[in-house]
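Following are the structures in question.
You will see chain A twice below: alongside chain B first, and alongside chain C after that.
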Partner chain A sequence: MSSQRERSRVLQSTRKIGELILEYFSKAWDAKAQGKPVAWITVFTPVELLRALDIYPIAPEHFGAMCSARGLALDYFQEAEKKGYSQNLCSYSRCGLGYVLSGMSGLMPPPDILVTFRNSCDVYVKWWQSLRMHLGTPLFVGEAPYVLTSDDLDNYVLDYVVKQLEQLVNMAEEKFGLKLDMDKLVEIVKLSDKASELWLETLKLRRFKPCPLGGRDSASDIFPLVVMQGTDEAVKFHEELLNEVKEKANKREGIIENEKFRLLFDGIWLWYAFDLIKYFEDRGAIFVYEPYSEAWAYRLDASKPLESIARKVLAMGLNLDIDLRIERFLESIKEYQIDGAVLFSNRSCKSWSAPQLVTADTLSKEFNVPYLLFEADMADPRQYAEAQIKNRIDAFLEVLGER
Partner chain B sequence: MMYIGIDAGASATKAVVVNNEGEILSYVIVPSGINFKVSSEEALSKALQKSGLGSEDVLYTVSTGYGRALVNAKSTSSEVTCISRGIHKLFPFVRTIIDVGGQDSKAIRIDENGRVLDFVMNDKCAAGTGRFLEVMSNILVKPIDDLSKLHFKSSKPVKMSSTCTVFAESEVISHISEGSAIEDVIAGLHEAIAERVHSMSSRIGFEKDIAFTGGVAKNRGFVDALSKKIGLTPTLPGEPQIVCAFGAALAAMKKYEVTVSRP
Partner chain C sequence: MTIPSDIRDLYKNPRAILSQYKDSGAKAIGYTCSYVPEELIISAGLQQYRISNIGTSTSALTPSFVCPFASAVLENMFKLEDFFSGFVVAHTCDPMWRLYDILKKKTNKPLFLLRVPHNTDNELSLEFFKMELTRFKKFLEENFEVRIDDTALFSSIELCNENRNLLKNIYLSNNGDKYETGALDRFQLALASMWMPKPEVIAQIKALDFHNCRSDNNVRLHLNGTSVYDLDLIKIIEESGGFVASDDLCTGSRYFWSNVEKSNDPLSALAYRYLKRTPCPSHGPLEDRLEYLSFMTRGFNVQGVITFAEGFCDPILYDSVHIRNMLTKNGIPATLIDYENPTQEIARIKTRVEAFIESIGG
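Moving on, here comes the complex of A and B:
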């Protein structure tokens, strides 16, 4: 009975994500077998460009999230820790390194090139350098300066990133004898833009009361925008999802029956603890907006493919000045009629967690929106104190109920 | 006719029985042990016995605390709400509550009606909770109740550099072996935990009056250290450890009234 109810809280489309992921990895092995280069990338690295070069992109960060969700991450963490990597390092990096150190016999084929852009995360470059040390694979490191004002998305900062994209193309041409086909790139950029457009439209439907797409959906449905940008499959997935959500919205059908509290969730999701979303929902609370899910969509202009891609690399949420981020936060409070905010202070992700108090204080001062801040890790269940977190959630929801 | 609140805490389980006026008829505190079901049953039957009433007189029971879901009660409520209700009934003028229990510490800001405006709780760490002091009293082989007395004998509290329970343990040992007086180490530990609680609570501010609750508020050494950090004299309930269970009993009374007023 309860499992039936729980199932009904997840959209039909979302249930297809698992299959899509497995297919994605299986195609990676196919590509490898056909002699095509496989790139291990950090997210918000230009997937569209790699795809146009016929390089198959895989993101170990996504792999870490997936392993954590499926209960496979612990073995990889321990593998990395056995070799001396500290538990205080980012859990995605420990998972990826553990995978390499345990012989790479799982879902990810070994890389032929390592590509990263320093655009949000402090760990990327050192993590990728460690991978190079273990694997001896060629490494490309791009540098995206911090975006202080929106002007930086059009000035010399943008030119600087475009130059580096050209260098990445040169490197691929030199190493693998590949040629960039501009027509192909334009088509890929169009598809990538389309999937983003669809996702943004889908997210907007969460403004409906009751909300037709929940936290469990948004945490999963981003997958096609993480490494599958520029593919027909990604567009198809998001078309179907949009139709399903539209239908639900038109019928005024919510993810939960009795929607009492509409919440904002700030952070990466805790991949091993999806039941926490259910815990909120059982108490009438639904997540209607997350900066994280929105961050994966970025509109591209096919008439200027390289500039567009460079802008996307730069505009990655964590690479934006905090004022720009807060602005978006505050807009969302109005747009989505948010009653409260849940902020997840992530031990792995200092770039995300450090500015949280600033945003939280702005929320409570400017909008009188109460917030709950709790600490855990996105992928490592050993850093998670379930009873303690649920204790705080109960208190928080009671406070919301009394308002 | 009466109402019961049970606070199944990480360290101790408390039961409070109140009458129709919300006045305390009886209360008990028992160790939680490893089985909340057993300890809550024990607390409940002992509290009933003390009240002189029978279980047939109980109209409603509310449980709270870590083990709340395992207690045989009609409904549950969070500690933040219960502590606020309890304090508001005892001291309506209080606006800020600092509660330090076995596994959690919290600071709560309430309005003139006892409604929670904001709260903050410790992160996933035992520093700044009763557990920290329990561990230290074990190493020092001093019963937890002696910590208060010894605190006030200290003339030169040692400076603890770590509030991590595990690291502080070895630090205590090295202070003792270097010849520090035990009372100075104890006062140093109180300083350390007070510092931790103080910085956590600062986020919601210290609007007057402030009250301290929870088991650790029975430790006058800690109360002294924290009051000095905050710079205010706190209001202290006669039995700080049962405020949460008392609030749960008041919540039981309110929930019963809501139930009967509905046709």
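Moving on, here comes the complex of A and C:
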């Protein structure tokens, strides 16, 4: 009975994600065998551009999340820590560095180029510099300055990012003898835009009561949007997902049967603790909006591919001014009829967590949205105080129940 | 305005000078980081004042795992808010960047975020940084109803260059294997330079005589890290038989090592100086930092390297692995000492410092 209930909370489409991820990593080894360059990227780098250059992008952050979800991360953490990387550093980076320091015999083929864009955090750069020191691989560091107002998406800030994209193309062409095919780039941008459109449409269906797509789905279903942008497979996955969610919405079928509380979740998910989502759901609480899952979708204009990609690199969630971020929070609270917010103060993601208290304060004082803020790590279970967190969830839901 | 009788004492209570600014009608601009060009603040007729982490605990507005230095700087900004006419924050690392977010929601004072490019080694970054400095200039002009012309800029550049020259000359008195100037004196002057009006600090430095160092047989050390305002950390090194011959702190040599070059275009010259200066661990290619460290350890005949790391300082914690690897290869002993509150942890830090100095023959 319990396993049936568990299954009912994950969409059929979501169940295919695990296979899709393994297949994606396996194809990276195939690409490597065929002599194609493999890029290790931080997420929110221009995947579309790399794909058009025939460079195969993989994201060690994914690898970290996956290892954590499957209980395989600890050995990598310990390997990195043994070599001097502090436990206070980002757990994704400790996992990725541990993988490198333990010989790279696993899912990720060794990189031919390291590409990062400093947009969501500065750790990306330090992590990628460390990888370069260990591997001696060419490194491209791009940067997307903090977007202070929407004007920055059109002024010298945008221009700065466009020119860096051109530099990345030049570097790839010089290092690997490749040539950027603009027609191919346009096609890839169209596919990427399509997948984003589908995902945004899917997310909008969470406005339905009961909500047809839960937190467990949204945490996993973003995978194709992260590294597979610009592929037919990503579009296909999101078409199927949208159809499934539409059908559920039409039938008024929710992820949980008795939906009492509709919640916003702010943060990256705790990959080793998916059961925490179930803990909420068992108590009638469902996540209906996360800035994190929405951040992966960005509409692109195929008539201006480079400019459009540059805007995407700039406008990723955490790189937008706090007022723009809070504005989106407030829109979503109305749009998704949210009863409360859960903010995950993530020890690994200081960039995300540092301003969370003032955000929560604004939500609570100015807009009367109750919130729960709890601390843990996204990938390192050693920082997870399960019983204490569950106690706080109980208290929070009690408060919501009394309103 | 009354200037402290001995500028070397100012570090003990840097906020004292803020009341003097307020009483005299001088408008103080609080800034957080050595990537902020003091020259622009001064050319607007405003008083530069770099906000430290001392005299306060961390802010309740940041999580416990965010750099305690950045958090304490934030707390000081709130505590001392009445003394300031505006704030300038630089995006260097994540916590410093996010101070801006928090301040934006909590202060009514004019606030500016200077977006400092990470890449210090290309023309695009220079162009971008010049645009940022232009925006900063406009911010100062609009908020303080002043006009910053080239003459004012050239004059403030000259003042700051003179200040840096003086600090660097004192610093260079210890090069090779010389023991001329104690580190405590050097750091006191660098800090005073961030807090005091430039003409006064220049005049007082010129009047001082430093050739009184009594550390002749101490172990020559290089101090690696970010910012050290709590000079007890320097004292304990000297008391433990160490001599800080060189450093790459932004409250030390990184603050004054390079000057603004003469140019007809002052904003370009400033952009060049501040981007190409000795990099912070958060900035530029790691190879540049390693090269600078090698240059310092060779130039000042250093026997060991101490890294002071604020707990949760990501840039230092990543770099320290590679710094240690490089120094080990070069046969230079190195140690990393981390802390969250140096005042409270001073005894533990001292034990670590003593053990390290002993281990290299001090």
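Rule of thumb we're sticking to: the second predicted complex is superposed on the first by the 403 of 403 C-alpha atoms of A that agree within 3 Å, B and C clash if a C-alpha of one lies under 4 Å from a C-alpha of the other, contacts with A are read in each partner's own complex, and residues count from 1 in each chain.
By definition in this document, a residue touches a chain if its C-beta (ideal position, glycine included) is under 8 Å from a C-beta of that chain, and two chains touch if they have at least 3 such contacts.
These numbers come from a predicted model, not from an experiment.
J.: Once chain A of both complexes is superposed, is A:Asn391 in touch with chain B (first), chain C (second), both, or neither?
T.: In the superposed model, A:Asn391 contacts chain B only, not chain C.
J.: Check the residue A:Val399 against both partner chains and state whether it touches chain B (first), chain C (second), both, or neither.
T.: The answer is first: A:Val399 touches chain B but not chain C.
J.: Scan A:Asp30 for contacts with chain B and chain C and give back first, second, both or neither.
T.: So A:Asp30 meets neither chain B nor chain C here.
J.: Which of the two partners, first being chain B and second being chain C, lies in contact with A:Met133: first, second, both, or neither?
T.: second
J.: Going by the touch definition up top, name the partner, chain B or chain C, that contacts more of chain A.
T.: For chain A, the partner with the higher number of touched residues is C.
J.: Between chain B (first) and chain C (second), which does A:Cys121 come into contact with in this model arrangement: first, second, both, or neither?
T.: Touch status of A:Cys121: second partner only.
J.: Which partner does A:Ser353 reach: the first (chain B), the second (chain C), both, or neither?
T.: Only chain C; A:Ser353 stays clear of chain B.
J.: Give one of first, second, both or neither to describe whether A:Ser364 is in contact with chain B, with chain C, with both, or with none.
T.: A:Ser364 contacts chain B only, not chain C.
J.: Please work out whether A:Glu375 is in contact with chain B alone, chain C alone, both, or neither, and reply first, second, both or neither.
T.: both
J.: Residue overlap on chain A between the chain B contact set and the chain C contact set?
T.: 345, 375
J.: Considering only the defined contacts, which chain A positions touch chain B in the complex?
T.: Touch residues, chain A against chain B: 345, 364, 370, 373, 375-376, 383, 385, 387-388, 391-392, 394-395, 398-399, 402.
J.: Would you mind writing out the residues of chain B in touch with chain A in their complex?
T.: For this pair, the touching residues of chain B are 66, 76-81, 103-104, 115-116, 118-121, 123-124.
J.: Using the touch definition up top, name the residues of chain A that touch chain C in the complex.
T.: 83-86, 88-90, 93, 118, 121-123, 125-127, 129-130, 132-133, 141, 143, 145-146, 148, 156-157, 160, 163-164, 167, 321-323, 345, 347, 350-351, 353-358, 361-362, 375
J.: Okay, in this complex, where on chain C does chain A touch?
T.: Answer in residue numbers: 61-67, 91-95, 97-98, 100-102, 104-106, 113, 115, 117-119, 122, 124, 127-128, 131, 282, 285-286, 311-312, 314-315, 317-322, 324-325, 338.
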